[in-house]
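In order of appearance the chains are A, B and C, and numbering begins at 1 in each one.
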Amino acid sequence: MPHQPQTGQTAMSVRWMMIPAVILTLAMVVFPLGYAVYLGFGGGSPATGFGVANFQRLAADPSFWSALRITFGLFLSALVLQLVLGTALALLLNRYDVVRGLVRTAILSPFMLPPVVVGMIAIVVLDPGLGAANWIVQSLGFAPLLWLASPNWSLLVIALIDTWQWTPFVALIVLGGLQSLPARVYEAAEIDGAVGFRRFWHITLPLLGPTLLTAAVLRSVDLLRFFDIIYITTQGGPGNSTTTLNIYAYKLGFDFMDVGYAAAVMIVLALLVLGSVLFFAGLRKRVSW
Amino acid sequence: MSSVAVRNVVKSYGEHTIIEDLSFDIQDGEFMVFVGPSGCGKSTLLRMIAGLESFQRGEIAIGSRVVNFVPARDRNIAMVFQDYALYPHMTIRNNMSFGLKMRGTDKAEIERRVAQASEILQIGHLLDRKPRALSGGQRQRVAMGRAIVREPDVFLFDEPLSNLDAKLRVEVRTEIKRLHARLKTTMIYVTHDQVEAMTMADRIVVLRGGAVEQIGTPADLYHEPRTRFVAGFIGSPAMNFLPVHINGETATLATGDQVQVRRLGSSAAAPGELGIRPEHIGITAPGGHGVECVVDVVEPLGSDTLLSVTVGDTPVMVRLPGDVVPKAGDRLQLAFVPGKALAFDANGARI
Amino acid sequence: MDNKQRTLLPTVLFSLGAIIFMSPILWMALSSFKSPLEVTAYPPSLVFEPTLENYEELFGRTEFLHYTWNSFVVAGLSTLLGLVLAIPAAFAISWHRMVWPATVSLFARMAPGTLFLLPWFIMFSNLGLSGSYTALVLAHAVVTMPLALWILLPYFDGMPREVVESGQIDGCRGPTILVRLVLPMIYPGVVVATIMSFVFSWNYFLFALALSGFDTKTAIVASFNFIGEGTTNWGALMAAATVIALPPLVLTFMVQRWLVAGLSFGAVKG
């Protein structure tokens, strides 16, 4: 029988070259995920038996709801701050074309630092007694602050630290978006009489929609899973004021060895991340052009 | 509606001069085309009239108002861009009404104008779509619609047809002419395509290297080109140029043949060039005497037959009626239509 | 849009802003050279006599040198493993224009690391790999492999298929084509992927925190333990922070053009 080339298929198949990567993914991602779900539903635990017991417990657990609130608080405050400041910074950088030398260094350094290092700096700089931050606050004539030691403000301080670290990243993404906007459209807008703020509002901002959405997705995934800096600085405290879902789950699993329940909390967190990504994916249709 | 005046305008980037000392007037209601090879400054000139580019010296006036320092939005002009520059995030309706909204036109008036423009251009069914859902031709219409609703004093077109396929280009060309007949508004149109320029323009400005080569009606440019450049640029296939020695009304070819040329004035005998359009060359009846040539390539187009021939060493294009089809290698005797052969001096000026 | 304005004043203002913005990092480096007395002085001193005391303390009296070595081993080997797996996979995905692997690795990247940790902990205990380099390298490869894949895919996609096809006609098989024809063309992508993988692996805290043993602790986990021990030896802490921060910062600046160009960078953050 003569060989018939099939349309849409190349003669050379190199699919097998994926096998090693697939094996690692199966062993280190897929199997553990399945195992975590099994644990979350009480698998391997004689105390709860297989079922939704862990999830029932979770619904009645005030610590869980508190962690959920805190996770959302951090997520929303930091996301809004970073998108607004990042966009503003990108507009400035685009206008003055200064992404060179010192400025480029300042933009790239923070988000390439290990979060642990950022946390260590925060410990030293934000120390209520001896830190440089309070020295500046006092020099400006204000009363010293407790920073991370304040149960009321610690979460906001964490959000601000993350904003310091990630705003330049958002600005870089937005800058890339700005630079790819069609120049002719701006000339048409000039003739149509859209200048200054009106140009920003009617032309630039809507055109940046997809770019801002990309930045929002990337930051959301990180913010909902926020862990390193909190674990280094406050360990979830003072009180429970910075105990996010991820911190809570880690403590349950590794400090209290409450494995099944920890897995349940992690599953909820994973669903939350997935939900936020799907939410933004849904928005994409509305902002794309 | 407005006239446009360009007076002694100079534009340069550092040492590099883009536009050198240009002056001309465009009448109220005229369809003016800027044509020239790429890099001749035609688009820059249009963008200067639009207010998108600054210039160093001279002045530009729209109507009686000098607009040198008037921003684009206040010049009451509308522009159709080469790539249309539609607002990608707005529906067609919003694309068309945006400029009016920015000017604070009231809603009823905006709706009336959008309805009217979309009727003229037959894009009523597209109003709620976004640009990406439209074909190139449809986008082109929307770009024109966006200009029309503004009811500007002057329409500016920057190579608006160059992104369309050949068939559509001819259609839209006709449509723009029809639009001009209907609106009677001043239109300035930039193109590199001399056919577009000839078919659409009331008058044409031929630009070369930032300077005006000639301004005139299409017929002027075709029959009375002032320079060898214009003579060669206008018309398709292009005019033939043959090296000759000019003495009075007689030009002597390298082959020794003598041909009558139409002169503008008289000058001392000198070497120069003879210009003759392919359609102004015929072949003599068998046995007649003309300029001898050898046929290289024959292109039978049906309506016409195009011949590439060689006269002495010079290649020449000849356009013959479609029923005359010689063969490659034939020797023919060429006859130049009396009064159609033009004379140019060594510098390319018509003499 | 706007005409770019390149004047002296904005450059000066932005540079000033950049210095203020980076002041925490500068503060870290400064503090690491202060004596124990000066580092806790209040008000803090800006002018002081620099000393290497903290670094002597850090490398002399603790095992920090060993932990730094651990970090290099784990980051280096996981980068290598990630690339060795990602390069052929990216070639196959790009050549066959597959969509699902990208989606799968995206979901893997989204999942909270803690979700993998518990099962890994149990898996590695049962395999007798608790606290071993192997466990750490495998865990970090889950970070580096998808990252390398995301960075490499656009490079593979941007390569003309005709090159591969002419390789086939010249009688090469898949692996030969990849190594001899494709890799030389996309080596800038491989360089970027290597550097970014190393930086992300080096910076990763959570997996090493839970999975490393006493001997395999990475520098990052070790310095966290300094804090936990209640030592307020800020000088040594800042010295450790400086040592940890140095490799990512240095490596980042080797690929800064690529980073600023932002080409698909949006998609690679792990």
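Going forward, contacts are C-beta pairs under 8 Å (C-beta built on N, C-alpha and C of every residue); 3 or more make two chains touch, one makes a residue touch a chain.
Because the structure is a prediction, the values reported are computed rather than measured.
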Label of the chain whose CA centroid is most distant from the centroid of chain C: B
Higher-contact pair (C-beta pairs counted), A-C versus A-B: A-C
Length of the line joining the C-alpha centres of chain B and chain C, rounded to whole Å: 59
Cα-centroid distance, chain A relative to chain C, in whole angstrom: 17
Chain A and chain B, separation of their C-alpha mean positions in angstrom: 57
Contact set on chain C toward chain A in their complex: 1-2, 4-6, 10-11, 14-15, 17-19, 21-22, 24-25, 27-28, 31, 40-44, 81, 84-86, 88-89, 91-93, 95-96, 101, 104-105, 107-123, 138-139, 141-142, 145, 149, 164, 168, 174-175, 178, 199, 202-203, 205-206, 209-210, 220, 223-224, 227, 234, 237-238, 240-241, 244-245, 248-249, 252-253, 256, 259-262, 265-266, 269
Touching residues (chain side chain B, partner chain A) in the complex: 50-52, 71-74, 77-79, 81-83, 85-90, 98-99, 102-103, 130, 132, 146
Parts of chain A lying in touch with chain B, wherever the complex brings them together: 182, 184-185, 187-195, 198, 202-203, 206-207, 209, 289
Complex contacts: residues of chain A adjacent to chain C: 10-18, 20-22, 24-25, 28-29, 31-33, 35-36, 39, 92, 94-99, 101-110, 112-118, 120-121, 123-125, 129-130, 132, 135, 164, 169, 172-173, 175-176, 178, 181, 183, 186, 204, 214-215, 218, 221-222, 224-225, 227-228, 231-232, 246, 249-250, 253-254, 259, 262-263, 266-267, 269-270, 273-274, 277
